[in-house]
């Protein structure tokens, strides 16, 4: 049977996935770029926290805004340097996606090189680091330690959710973002600055993902591959949200976290499944979602129904 | 000595060039013609390599009546002896595994991706990328193929030739011939009604569907061929390096192939080959730099990868068509179109006119 | 004579938004029928349901007596029902010539095994090419064969869309605002051309237009949609006089 730890980890990891996946979802929804550079953001966030706390531990309340800013500014810079130019050239979503892949590779190995350099120059272990953040609020209940990291992750996820809800439904800018997402041409006519909407979206998406990276580094540790190891989970969570819906992305993030913690622990005990097969769950969920509830509409897609499915669906 | 090294360099470059050219050509069929962002190319490359290694080693060992597990040291040792005994066997196993790699990789490509053909390119890209990663994770845990250590002792088709140089020359020539054959096939494929339909799907798959094209079916066909070709590349790789393990088939391989295709020109087979040529050459060169200047403060490998990323971004930004841009699909139907013929004739004349002038000049002078 | 297209009680909701409610209509063979209605009244959605883009929530669609709701768009095209889009969707980076040649169904050269061997599909290809070339002549597009579609003018693109439809076995055409964004005089040119096509090729046309006036001289029968419901139907004169229609249009 899964222990209480697995349940705790589900919420912990789920919150981290949520922070990152929600950025992926909103950035795709507004800009129509499937942003592979999103993966870099988590690594960047983690290492920003590591570098901040290199000489002496810093308080998490200080790290959070800094990490958010770094991620947000990084993503705005990428948009400025690459995406905005491609959009001016009327590039298709396919081309934008490919370019984001180029950014991903470039930044990933740039980070590798930079960290390697720092490691040699400063003589500190960089390829496997841990940010030293001061996080209070540890609770001990009946021999069980609930760390402050956990509460920070939960709090950040909750705050992000509330913020996004208020932002999209109450503020003028948020409504502009939604308008652009639903109908780019119409939004242009009604005088909303398209370019500003893009930058704001990237800032939010980048900041959230970067925070998520920091939280992951606290949960596990920071490595240059940090983002890469979580690709599948993030994308799967976003796909469950149809790359469109924030609430469904939330469901996706926690579902995958549950599958990876609770379900795998159960299977490990009952049928001896190796824990390292973890990513298969996310993939399985992804396939099921694509097959059963294909996210057409937002992500493009064909108005086409396979014969077998059609027969099954016909009531 | 030095001349020998140059030839050795050329041979290894040509072999890697052929392997990557096949990969980038297959990716070009999928992306450049049918508009399917295959971010999991490496999976089918890996399947081809593993199928070849597994089948060839099993055949050799079972013919010799040995039943060591393939990944065991005994098997590897035994393979060294067995591989150089029977030329006929070596060559026929090589051909058999080429075919098997093509069919199995193709079939898996067709099966795995069929469910995703209906969703947009974003979802398709994610799914295949994940598939590639999962396959690697799976192989790292799968005992029969040696888990993380992989398989060693894949029988080189020309292991029976003593002279290493002749052996490599022969192998490189064979891979080049395979490349040429596949190139001719791909060229004929894209300059046929099927190529035209693929291009239409890339342009606007919804319009193509409304114009009566069974889009998922066509995409399935393209994926079969594309994955099959990647399987062939994997097969050649397995025989060339003699031992394979899961860490060869990381996602970055896919991005290499993408960079080649984008650099050469999306939607042009020749471009895919030119791109592969350039990048593999740079690659071999960086390997040399690595050798000449050891202990650089930044690993040249990282710089190499940054260059790959930059190539993708810069080409898309400044020369989206690549080095050799896409052209029309040249089916015989063009013959009916008069104005085109005239235009071509005029262009030919224009091209020839300098030569005519020169030849006139020679005639007058002489 | 049985109608070539029959729509029975079609209802379609998007989430909570009603796009179509209980729409029933018939189109006779070789007729030219109009579908009018203010913007957002569900005209395009009706076309999308007929051509298999969306399955209807309720209701049935018959084409040539065969039930077609639930079929895929490509299957419906093969039956001879061709549609055009409000924003033309051609293969813009391909030549006009390729845009024509690509259309015919189930070409031999589309098979994976036959495609590399030109001999196997050469004859068929040449027949297709002849048909395409004569159609392009009829449509006055002969001079543009080697041009990319993206280089064509708007009017030529509209022409090419219809020409392309005829490359298949199109019997009935659903035209979504063929004269959108076109001045009145040019709109008249387009509609008279459509009428000529109808007479020459024996086709049936079902045409969306949101301005009533321009369509009236050309169609025999008109359906009026308003907020997803069929508001009125009849000959153009009857519809023009219908107070409900006048109200809907003035109310807009």
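When the chains are written out, they are named A, B and C in that same order, and each has its own residue count from 1.
The working rule: a residue touches a chain if its C-beta (ideal position, glycine included) is under 8 Å from a C-beta of that chain, and two chains touch if they have at least 3 such contacts.
No experiment lies behind these values; they were computed from the predicted model shown.
Participant: Select the chain at the greatest separation from chain A, using centres from the mean of Cα atoms.
Facilitator: That would be chain C.
Participant: Name the chain pair with more contacting C-beta pairs, choosing from B-C and A-C.
Facilitator: Between B-C and A-C, the larger count of C-beta pairs in contact belongs to B-C.
Participant: Express in whole angstrom the distance between the two chain centres, defined as the mean CA positions of chain A and chain B.
Facilitator: 33
Participant: With centres defined as the mean C-alpha position, give me the chain A-chain C separation in Å.
Facilitator: Spacing between the chain centres: roughly 43 Å.
Participant: Hunt down the residues of chain A that sit against at least two other chains at once, touch-wise.
Facilitator: In chain A, the residues touching two or more other chains are 303-304.
Participant: Among all residues of chain C, which ones touch two or more of the remaining chains?
Facilitator: Correct list: 72-74.
Participant: Which parts of chain B, given as residue numbers and ranges, touch two or more other chains?
Facilitator: Each of 206, 209, 215 in chain B touches at least two other chains.
Participant: Using the touch definition from the top, list the residues of chain B that touch chain C in their complex.
Facilitator: Result: residues 185, 188-189, 192-197, 199-200, 203-204, 206-215, 218, 221, 224-225, 326, 328-329, 331-337, 339-340, 343 of chain B touch chain C.
Participant: Touching residues of chain C toward chain B in the complex: what are they?
Facilitator: My answer: residues 51, 72-74, 77-78, 83, 85, 89-95, 97-98, 101-103, 105, 107-112, 115-118, 121-122, 125-126, 128-130, 132-133, 143, 145-146, 164, 168.
Participant: Along chain B, where are the residues that touch chain A in the complex?
Facilitator: 31, 35, 37, 39, 115-123, 125-127, 129-131, 133-134, 137-138, 140-141, 205-206, 209, 215-216, 251-252, 255, 258-259, 262, 297-299, 302-303, 305-306, 308-313, 316-317, 320
Participant: Show which residues of chain A lie in contact with chain C when the two form their complex.
Facilitator: Its residues touching chain C are 303-305, 310, 314.
Participant: Which stretch or stretches of chain C touch chain A in the complex?
Facilitator: Chain C residues touching chain A: 52-55, 70, 72-74.
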